[in-house]
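Here it is, the structure in full.
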Amino acid sequence: MSGRAEVTEKPVRADAPGRGRALARIAAGRRRWIVAAALLAVACSLPFQLVPFRVFQFTMVLVYAVALLGLNLLVGHAGQISLGHGAFFAVGAYGTAIMLDRWDVPHVLTLPAAAATAFALGLALGLPAMRLRGLYLALVTLAIAIFLVPLLKRFESVTGGSMGLTLGKPAPPAWTGLAEDQWLYFLALAVAVAAFLLARGLLHSRVGRALHAVRDNEAAAEVMGVRLSFYKTLAFAWSAMFAGAAGSVYTWVIGFVSPDSFAVTLSITLLAGIVVGGLGSFSGPLLGGLFVMFVPGISQDVNDAAPGVIFGLLIITVMYVAPTGLAGLAGRVARSTKKILRKE
Amino acid sequence: MSGDAFLAVEGLHAGYGDARVLHGVDLTVGRGEICAILGPNGAGKTTLLRALSGMIRVRGDVRLDGTGLARRSPDALARQGVAHVPEGRGTFMPLTVEENLRLGAFVRRGRGAVGADLDRVCAYFPVLRTRLKQVAGSLSGGEQQMLAIGRALMLRPRLLLLDEPSLGLAPLVTEELFRIVRAVNEEERTTVVVVEQNAHLALGVAQQAHVLESGRIVLSGSAERIRADEQVARSYLGYRV
Amino acid sequence: MVGFLQQVVEGLGAGAIYASLALALVLIYQFTGIVNFAQGELAMFSAYIAWQFTAAGLPFWPALVLTLAVSFAGGMLIERVVIRPVEGAPELTVVIVTVGLFIFVNAAAGWIWSFLIKDFPNPFPGGALEAGGLSVGYSTLGVMAVVAVVMGLLYLLFQRTKVGLGMRAVAANPTSARLVGIRVGWTLALGWGLAATVGAVSGVLVAPLLFLEPNMMGGVLIYAFAAATLGGFDSPGGAVVGGLVVGVAETLAGAYVDVIGSDLKVGVPLIIILCILLLRPQGLFGRAAVERA
Amino acid sequence: MLEVHGLTVRFGGITALDGVGFSVRRGEMTGLIGPNGAGKTTLFNCLTRRYDADAGTVRYEGKDLLAVPPHAIAAAGIARTFQNLGLFPHMSVRDNVLVGAHHRGGAGFLTASLRLPRVRREEARLRAEADGVLDRLALTRVADHPATGLPFGTLKRVELARALVGRPELLLLDEPVNGLNSAEVGEFAGTLRAIREEFDVTMVVVEHHMGFVMGTCDRVVCLNFGRKIAEGPPAEVQRDPEVMRAYLGTTG
Amino acid sequence: GREETGGGATTAAGQCQGQQTTGITDTSIKLGGIYPLSGPASAYGDIPKGIKAYFDYVNAEKNGIGGRKVEFVVRDDGYQPPKAVEEARRLVEQEQVFALFQTLGTPSTTATWDYANQRKVPQVFVATGASKWGTDTAHPWTIGWQPNYVSEARVYAQYLKQERPEAKVAVLYQNDDFGKDLFGGFKRAIDGSGVTVVAEQSYEVSDPSVDPQMRNLAESGADVFLNITTPRFGSQALAADAKNTGWNPLHIVNNVAASITVLRPVGFENVQGIVSATYYKDPNDPQWKNDPEMVLYYEKMKQYVPEADPTVPYHTFGWAVASSFHKAMEAAKCPTREGLRDSVRALGGVQVGMLLPGVTMTTGADDGFPIESMQLMEFKGERWELFGDVIDTRKEFGPLTD
């Protein structure tokens, strides 16, 4: 955020420069709100500008962004690697599907219920899992994601087995005058904005700092009074909750769930998405969502004989150009243009 | 002096990313000399040593025994006989003490000589001998500092760069340390550049000294002259040990 | 009882396969501190290279030697070209680069050689050793022997050689490693080369048993991860023991525990790993990181 | 305020602390000295529950400190700095300091994510306090700088600020003047004395800088090989022959 | 643009008035297919190459289908249903295709068929053998092509009932829609006969090997082994069966894994006498060496997709399904989406060169399955030998309802 702060430092009194900086911070804060409002305005106008198919694509971007927001909380902010977040996404998606399929629960209610289920599961798995460190945690979560697929197939009467479940989509209320795609888009947007605000509140607080502290130096964090197990487990559960909410919206949008939709690749894609987007940054999840959504298509346009060759290369290239993710790259670009502009 | 300059630094600029730290440092150290660098917190002393051992990119000219060194990588410099005891000690935490020491001699050949040097270092710092098989990360701060110095000596360096070598050492060991530095310097004609806050001891062994402030050398001279400087006395020699 | 023992033997056979790839994973982890998701695909690619040599008429053993050499060079090249640019970047960045590599290599293999199963020669005779009612296939024995040899060599490399010491130093602290004169870049490349070679051995062992096609190693990689996790990511011996335990546990559970059945048997290694890691978070044979405030 | 009795800590074959006992009175500044590897840091680690004691008791304000879980140490009023720095490198200096006030806040996941007014008020209060401490330690100019890339001496000060903002009653400082030149040591000693008055805090300081120890401490405890070999007023300990032999050498 | 219909010059007149003509003109017709070109199922990504070869050939040498040049747009879904939805929408809304021709895989097709039917876009000859494409009545715009897995299962059941009425069967199946469908069909087809399933084992596509499953099946002492697998696992199961000298069941391998390319790596000496069923010609089978369609296929593959290996059966499959589309389109009364929908549901014994002699496409009001006949074959020497008559499962078992 402040890569250019004064580094040659001598003991000084805090005086004018300190105050000036505070003012600048307030100004920057206001600027950020303006940017956010503009962004939201653009987001709201999108479905009226684009063909339905594009609207659908952006709806999915938002779905992924919500899941990545959760993963970012865990990986980017709390420093715990999960290779199994597809599992929580699946729990949210299947939870919603089952509620719709068996009990005809109204769509809106399925979201909190699915998120709560994912949260509870995250908590239950987080308790033992959080004793593990780094790589070991990552691989145990990976195993969970792998195990989920046959598990979903096993309980066929509930989950529809390998054939999956087909569900109805939420219909736009007549007063809105929106088409189904547009309505779904706005639902996803609402969820994404809510998730974003929640995550923001969380991170700009004592809790967020505690998570960062755990990420940066566990021993020191504990001495400062941060209860490691509590924060790690809850970060896991919250992150699972976001993934679950994303899964729920996914089911609304796609109207179909099957075990093969939630194979390990999804978990790995999510992790790749957030790392490519930018760990620990606010725009990371959105950029990651865009990457996950659009880059495979681009890869195919380049080489339709083996799109994987291009997709793999693109991942490598992005990491090469932007080792801290697209968000970091965007920040760098913004900074250097600002500098150039100032020099003129 | 510069006739037999073993290390010659001219117009050295260095920094981190956008932050410039050194603004044109000139420095020569004669062969087999000990040179002390003093300076306040944040002056760029560590940065200077990092620049000399190739850890950061620099602009300017650095010559060791006549050959240009600027822009060489640290490993190439190590092969040229430059050993650096870095700020923060750079311990190989998961490795044992013995492995840490042997790594110091990584670029040397000849098992026998290395084994003898291992003994020598253990004689300098007897604690290390009792800890040879212990994981280095579990050593106390001071023990790790000794390990770092021992590791650097294992190279039998031509140029030894010491960044606050007495950091965290007990007074007794600190004194011993400077005796060792002098001994190594005398026996092997090792040239030494030492950044040290314990100015008394540093100036005690050094032939020449420089004061670095805000990335520039503001005062240079023989150790005695520097010691006699009033400003230096106030800043660096106030608290007597 | 014989049936049970036979299942154990078969489990060991499967476990040896997992162990063979786990060794390569452990090798890379040892001195770069990252998990290489592409390891299985690189092994598969090596197997294709071996296949290509034999298809061109080379006898198996010369083809193998050539393959190992090519794989070694390829591994080093990958480090130089693909990993080097992100050296020093956050660990996860490097991990995701290996994910990209995974996708790339898999697709490339399909593109070059198609997805048809290739006819891969088996270096070991077909029959089985019969003793006391048990039968152990010669290929199983062969795989186990090779894995044991590779494990021993790796142990010697890590613990007894200067190169191994240098590698561990690079993993522990690259900055200091450079300061003591280790060519970090080349050491990393060497490590990747070695891991690719070990992976190639794995691929060549696995190909005749699982049948060579681009997705051959996907499942093996998962179990190799499990093996390495169980054994401790920094111990070659652990990787082998981990592989064997996973193989046996999975086989027995699939065979004897009806509720688990063959569909849920993947869960068995998971549960074992969880239980063991809860007791020993660094894996069975892993070294706990010393932590000092 | 603090009573240590027969404290013993072993690591495999090494006995880092061997039946150490001493006490610290409220408001006092105690120096802890001893050769490298004597067990000083280990003692701090015991007091902050990073290490488990193999034997012995520690009573703090009459409570059994060894029964307090590690994360509750801060709330019990104990704060520390680390010998080799224990900062959070990716966080700004200000955020580092704010983590020090963690135990003084009450916001949880839910309340924080909803940004309840209560949380905002608490946040504003702690921020103001942190800024005050930063100012007090002349760190305002680097408050937004990440906690890496600052000079070692500055970082040591950041650690002190982080410890102080938790309003500790007992402050454990592990080699606080490391890497400072003597003028800076003098300045720092002054700051520390002022802080002691201002924050009404009891301190235990590990330091090898004898000038500093002699100048600031009320009492000094000397350890050697995990055992206490001397205790008393600084001047007395400094003259203790065993301390001189094991620790100070001749120039003491 | 976001217009719904009328992408090109309207060719619909008369009785076709008012029908959808998106994606079709007097000189062109645009089709879209969705395949896993990337990811773990990318083996199936070879199918569109065969299709391309056929259409390129028809476009260049036959002036297209009834004067309309075919443009075939292929999209990749990585075998992921949400991606399939995206790609289906891209094809329909952006590419403005006339029809979705082939979506591969049951999950991907299931995820897209509601959409296709709502938009009234024909989704024809989907590349999956699930039975619901033919039995479901709510999706008239979607239709399969290949014999459904239940029909295939019936063929094996029929064979066993005749040849081994007391057979004890051990089954290995892939634990997904395909394996479940085929295995379920088999169980239903043997219901009430003397044939019984005595052991069953499933595997996941992510399993490294099916050896443990094969061991457990061998313990059952069954005298028939039904191998419901995809290629690599098929080879593994065949090899495991060959290796186990103590267990010598009649080995039936399902069509998906019956290609010569699956058998060859196992060693032909190890697969003698195994049984399977088929409906189209295997390009590796010497008996079709001089078959005119096969000769044409080899020639045109080499000419139009020289980089592809014509011996890959997926290419042949693509060729067969493309020529089937050609026939269906030619038979359409109206060059409209409705016309295609109706045409594929009113096929009367349509012959397709690449299908086995005697296998034809037939559909009707109560029959949504174009191909329902298969012929049994036994592996002898280095090739499959067809035996018995072509079995029309519809005749034998009655129409499939579900």
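Per-chain residue numbering starts at 1, and chain names A, B, C, D and E are given in the order in which the chains are listed.
Methods note: contacts are C-beta pairs under 8 Å (C-beta built on N, C-alpha and C of every residue); 3 or more make two chains touch, one makes a residue touch a chain.
Not measured: the values here are computed from a predicted model.
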Between chain D and chain E, the fewest touch steps amount to 2
The larger set of C-beta contacts, choosing between A-C and B-C, lies at A-C
Could you please state the distance in Å, as a whole number, between where the Cα atoms of chain B are centred and where those of chain E are centred?
-> 74
Just give me the whole-number Å value for how far the CA centre of chain A lies from that of chain D.
-> 39
Taking each chain's mean CA coordinate, chain B and chain D are separated, in whole Å, by 29
Residues of chain B that touch at least two other chains are 16, 19, 40, 42, 138
Flagged in chain A as touching 2+ other chains are 7, 9, 146, 150, 153, 219-220, 223, 264, 305-308, 311
For chain C, residues that touch 2 or more chains besides their own = 103, 107, 110, 222, 263, 266, 291-293
Considering the complex alone, what residue numbers of chain E touch chain C?
-> 38, 40, 42-43, 45-46, 175, 201-204, 206-209, 211-213, 215-216, 219, 231-232, 235-236, 239, 243, 261-262, 264-265, 309, 312
Quick one: in the complex, what on chain C touches chain E?
-> 3, 6-7, 10-11, 14, 17-18, 103, 107, 110, 114-120, 126, 137, 209-216, 218-220, 222-223, 250-251, 254-255, 261-263, 265-266
Residue numbers on chain A that touch chain C, as the complex places them | 75, 81, 128-129, 131-133, 135-136, 138-140, 142-144, 146-147, 150-151, 153-154, 219-220, 223, 264, 268, 271-272, 275-276, 279, 305-309, 311-316, 319-320, 323-324
Touching residues on chain A, where the partner in the complex is chain E | 51-53, 56-57, 60, 146, 149-150, 153, 161-164, 166, 250, 254-256, 258-261, 263-266, 296-297, 299-300, 304-308, 311
Of all residues in chain A, those that touch chain D in their complex = 1-2, 5-7, 9, 11-14, 17-18, 21, 198-199, 201-202, 204-210, 212-213, 215-217, 219-228, 234, 238, 280
